[in-house]
Each structure stands twice: as structure tokens, then as C-alpha cells.
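The following pair of complexes shares a single chain, chain A, combined with chain B in the former and chain C in the latter.
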Partner chain A sequence: MVEKVKARVQELLASGKVKGFIGLRELHGHIGPYLFTDGGDLDGFVIGDRKAAGDTRYPLNTQLIMISRQYPEETLGVLVRGCDERGLKTLFNTNQLKPEKVVSVGIACPQELADVCECMKPFPEEFVAGEASEARPFGSVERIESIEIGERLKVWLGEFAKCIKCYGCRNICPMCYCPECTLEAKDFQAVGSIASENPIFHLTRALHMAGRCIDCGLCSEACPADIPLRTLYKKIADIVDLEFQYRPGYQDSKGKMSPNVLGEAAKH
Partner chain B sequence: MEYRTVLTTCTYCGCGCGFYLEVLDGRVVGTIPCKTNPVSEGKLCVKGWNVHEFIHSPKRLTQPLLRKDGALTPVSWDEALDFTAKRMREIKEANGSDSVAFLASAKVTNEENYLIQKFARAAVGTNNVDHCARL
Partner chain C sequence: MMCSGMVSPDLILRALSKGADGVLVIGCHLGECHYLEGNYNAAKRVAVLKKLLAFAGVDPARLRVEWLSSAEAPTFVRVTSEFSEQIKALGPSPLKEVA
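So, the complex of A and B:
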């Protein structure tokens, strides 16, 4: 699988179609993001499956944004799974990246990963390796909603109480590109004081994920307290879809929002 | 265009969390927790997440300073170490070995911490050894 991806990346770099390719490299037994610039040197190129499928995924779109801002004239390549591609579309939509300056190389996730992620589309529109797995419904949302509402509130407050305010969920998020974050804006947050209390901290972030979260799950993976953030944001995505008929990254290939994006709420 | 990720260990405490420092054109611009690190498994605390911020701080000490006539003055390592050794010897001789204490650090290696406690006990003769990682 990785050989097919490498061949494509090698071709892109050798032909000069991209100046660099943001992917993953394994070095000294560890896997992390890496910018490949020489098609002849793809040593250590991996797709992020170390012990289990997709267990070493990183927010490569974040690196793409950072390098693109420094080199706006250059075209860059990036490794994408289904979620990363949803991210790219949404980042194009919100003018964080230029579609003509990005070449994505897609891989499809195996079923085991799609199952764990409860992914609605575990493959990009075009992929050079892997096979399209079946989509999975948001079972985690259903499970938590089956709990009686008073008890459910207790469950969530218990989860939020574990938070150590590391801001890891915000920091790892490939869709968190705001120059100033509400969670540390001076108007809301005094410098030198502990971050806003629970559950305001988490609900603020959850609301800011509306129309933006592409369900990659990196937040949950980065959380030292194992708070099920992904489940929370999945629910937010369901609400946005219900009210506005919009799910970030699932729209047409040009990434246009559906015309009735404001939905019924606009008539109120 | 040069973007590199450098695998390293957090200097803030003794846990030893692992992360990549992101280096764009020679400047350290970000921190990414390393998912394959057996200690931290892709997670960090708020200090670790911001560890890159002090690297280029103009407030960082880059050379030894010695207070001369009331003002901190840049000096060579040789001068700083000679001065420290001389004063430590004077204090020890005047007030005994236990008038000196050694504060070790979470920001250095196990081997360096071993050396400092060995120096404290064997060379200076005190068990006054503590460290900054009292979490």
C-alpha cells in the first residue's frame, strides 16, 4: 500500500508539480510529520499505520497551512485520508488554503479504522491506495443519548471535570486556525489566571466546532484525560446538519456549501 | 523552504514527554506531541504544548553573568566556574559542608543528575540534594 503512495509522491516531486510533500516519516522508531522535498529521497515514508491502522495520524493540514503562509506562491502536496480531505475542502471554503496550490494524495482507511472512528466517509474522493470501506453511524452519540437526560448531564460534567486545561484539543485541531482563540482572548480570559471553568470551556469549544469539525478525532486522541470530545463534536455536527443541511467537507467536490445552508432557522 | 520536525523530550519536568519541535526555515515555530512516545502517547500538558515559545525569547540567558559592582556582567564560562568554585570552597571551609545545598534539575539528563548528587556527596560532603521537579 505504501509503495503505491510513494510512487505517486515521487512522481509529483520529480515532475516539479509540487515543491514539497507533507507526509509522515518514520525515523529511529518514531513517526511524525515531515516535509519531503526530494523525490529521490523518500526514506522512512509511511502512511501512519504503526501497530494498528491509522494509529499515528497527525494534523498534516496544520503543517500545510503554516508552510503555505510562508510560501504562498508554491504548490504543496499533502497526504490525506477521508477526514483530511473534508478538512481541505472546508479550509478552501474558509480561505485558509488555495485549492490551486494544493495537491492531495489520498489513501482509503481500512474497515477496522472506519469502525473505530465511526467515520461517515472513510476515504477521499480519489485515492491511490487502499479500498473504500463502509461508512459507520455515530454509535457513540446514540449510546450517550440513550442515557436519561439528568444522568447524561452528570456523565458529561464528570467527563469535563477531568480536564487539565492543556488546550491539546484546540492545539491539535487541524480546523482551529483562528489568529485569536476565544478560549484565551483577553476579553474573556485574564492573563495569568486559570482557563475558564467547566463546562463553559468545553461548550465554548464545542460551539466553535459547529460547521467546522470534520470528525478526524485527533482531539480525543490528544486528550490526556480521555474526555470523549469526538462524541461531543459528532453531536454538534448532527445538529448543524439537521438545522442547516450542512456537514463540513461532505459537500460537492468544489467544497461549496449547499444553497440552503441557513436552513429553517433563517425563516425564524 | 526547509521544514523539519525534531524529536526531543520536554524540559519542563521529570515526566519525559516526547514531542516534535517544528522548525521552519531555522526557527522553532511549534510543538507536536509524539504519538509513538511510550510515556506521553501523543498527549501533553499546557506547558509542554508551549515549550517552543521560550526558545527564541530575547529574555533567555545565553551566557554566564557575574554581579560586579552591583551590575550583572557577562563573563566567560571559565571565570564563572572559577568564581563559583572559589566561593563554594570558602563557604564550606567557614561554615561546614552542610552550609551548601545542591538543586538538581528535571531539565537535564539522568546522568547529569547522577553527577550532581555524586559531586554533592563525595566532593563537598553533604546530603543536601533536592531538585526542581517537586510536582
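So, the complex of A and C:
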């Protein structure tokens, strides 16, 4: 699978279609994001499967935003799974990236990953490797909804109580790009103090993911306390779909703008 | 606030965690917004937040949105007393800072 991806990247770099390619590289036993600039030197190029498929994913779109802000004239390539592509579309819609300056190289996720992710679309529109797996429903959301409403808060508070307020969930999130974060606004949250103001810390973040979260699951993976954050954000995506008929990343990039769910007042 | 469209859901959550047992958002009648669509936005946002609260296990009845003009004092009195009775019946907010 990785050979097909490498061949494509090689071609993009050699032809000059892209100036650089943001992918993953294994170095000294670690897998991390890397900017490949020479098609002839793709040493260590990996797609992030170590023990299991997709177990070392990174928010490469975040790197893409950072690099393209520094080199606005250059066209860059980026490795995308289904969720990353949803992210790209949403970032185009919200003017964080220019579609004409980005070339994505897609890979489809295997069924085992789609199952774990409860993924609605485990493949990008075009992919050079892998096969389209089946979508899976949000079983984790249904499980919470099967709990009587009075009991749900206890379940969530039990989860949130484990939070060490490391901000890892926010830091890893490819869709968290606000210059000023409400979770660090002094009049809103006691920054750094533990425990976090539960459940407001988590509900505020959930609210801010409305119309933005593309359900990549990196937040849940990053959370050292194993809080099922993704379930909360899956629900907010369902709610936004119901209220606004919009699900981030599922409309084409020239389609609907993301709804103004939070409004101007939410910008601090 | 100048417009119900300026009431951010962040502020509503904040109020609930800082001691309010319920939040009533009152805006101008739909179609009569000075800023054109502020109250439509408010309605949508409150709807999103109510559903999120329910998922988290908080009775969504703690949050309500009403449309009233400044010329409707009796209705204002009725709506607010009704809401406050309802909230009293629900008891203190379970969202009050647990930490």
C-alpha cells in the first residue's frame, strides 16, 4: 500500500506540481509529520500503520496550514484519509487554506479502523491505495442515549473528573485554529488549574466543535485520561446536521459555508 | 445585551456553571430583528445547546427562548414567573461547578 502512495508522491514532487509533500516519516523508531521536498529521497516514508492500521496518525492539515502561511505562493501536497479530506474541505470553506494550493493524496482506511472510528466515510473521494470500507453508525452515541437522562450526567462527570486539563484534546485538533481560545480566556476558565471546571470545560469545547469537528478521533486518542471526547463531538455533529442540514466535510468544497453556529459573540 | 443574537452559548453555559439554575433568553419577535437575523441565530443556537445539554444529562427545560417586544409587559411578567416556577420545580442546577 505504501509503495503506491510513494510512487504518487514521487511523481508530484518530480513534476514540480507540488513544492513539498506533508506526510509521515519514521525516524529512529518514531513516526511523525515530515515535509518531503525531494521525490528522490522518500526514505522513511510511512502511512502511519505501526501495530495496527492508522495507529500513528497526525493532524497533518495543521502542519499544512502552518507551512502554507509561511509560503503562501507554493502548492503543497498532503496525505489524507477520509477524515483529513473532510478537514480540508472545511478548512477551504472557512478560508484557512486555498484549494488551488493544495494537492491531496488519499488513502482508504481498512475496515478494522473504520469500525473503531465508527466512521461515516472511511475513504477520501479519490485514493491511490486501500479499498473503500463500509461506513459504521455512531454506536457510542446510541449507548449514551440509552441511559436515562438523569443518569447521563453522572456518567459524564465520572469521565470528566479524570481530566488533567492538559489541553491535549485542543492542541491535537486539526479544526482548532482560533487565534484566541475561549478555554484560555481568563474571564471564562481558570487556566492551568486542576481540576478543570467540570463539565463546562468539556461542554464549551464540544459546543465550539459544532460545524467544525470532522470526526477524526485524534482528540480521544491524545487524551491521557481516556475520556470519550469523540462521542460528545459525534453527537454535536448530529445535532448540527439536524438543525442546519450541514455536516462538516461532507459537502463539496464550493458548497454550503459552515453555519454561524456560535455567532460573532463567541469570538473573544 | 443589544440583541439576542449576541448571546453566545458560551455565556449560557457559563451562567449555568456559575450558579444560575436556568437561563431564559428573550429576544424580539422573529422577523422584527433590528439586525435582521439576530433572533433567528439565537433560536438555532439555543436549540443546539438544549440538545447538547440533554445528551450530557442536563434537563433541557433549564434553557428557554422567548420572543417579546418591549410593549408587552404583562406577557413578560407571565413568561418570567412561569419560567422561574418551572426552574424551582427542577431544583438547583447540577451543572454548578462540581470541581
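Keep in mind that, in the parts below, the second predicted complex is superposed on the first by the 242 of 268 C-alpha atoms of A that agree within 3 Å, B and C clash if a C-alpha of one lies under 4 Å from a C-alpha of the other, contacts with A are read in each partner's own complex, and residues count from 1 in each chain.
The working rule: a residue touches a chain if its C-beta (ideal position, glycine included) is under 8 Å from a C-beta of that chain, and two chains touch if they have at least 3 such contacts.
Keep in mind that this is a model prediction, so the values were computed, not measured.
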{"item": "Which of chain B and chain C A:V155 touches, first, second, both or neither", "value": "second"}
{"item": "Partner chain(s) touched by A:V105 [first = chain B, second = chain C, both, neither]", "value": "neither"}
{"item": "Interface residues of chain A shared between complexes with chain B and chain C", "value": "none"}
{"item": "Touching residues on chain A, where the partner in the complex is chain B", "value": "19-20, 22, 27-35, 37, 50, 55-58, 63, 66-67, 70-71, 74, 164-168, 171-172, 221-224"}
{"item": "Footprint of chain A on chain B - complex, ascending", "value": "1-5, 7, 18, 20, 22, 24-25, 29-30, 32-37, 42-46, 48-49"}
{"item": "Residues on chain C engaged by chain A in the complex (per definition of touch)", "value": "5-11, 13-14, 16-17, 41, 44-45, 47-49, 51-59, 94-95, 97-99"}
{"item": "Complex contacts: residues of chain A adjacent to chain C", "value": "141, 144-145, 147, 149-157, 161, 182, 188, 195-200, 203-204, 206-207, 210, 232, 235-236, 239-240, 242-244, 259-266"}
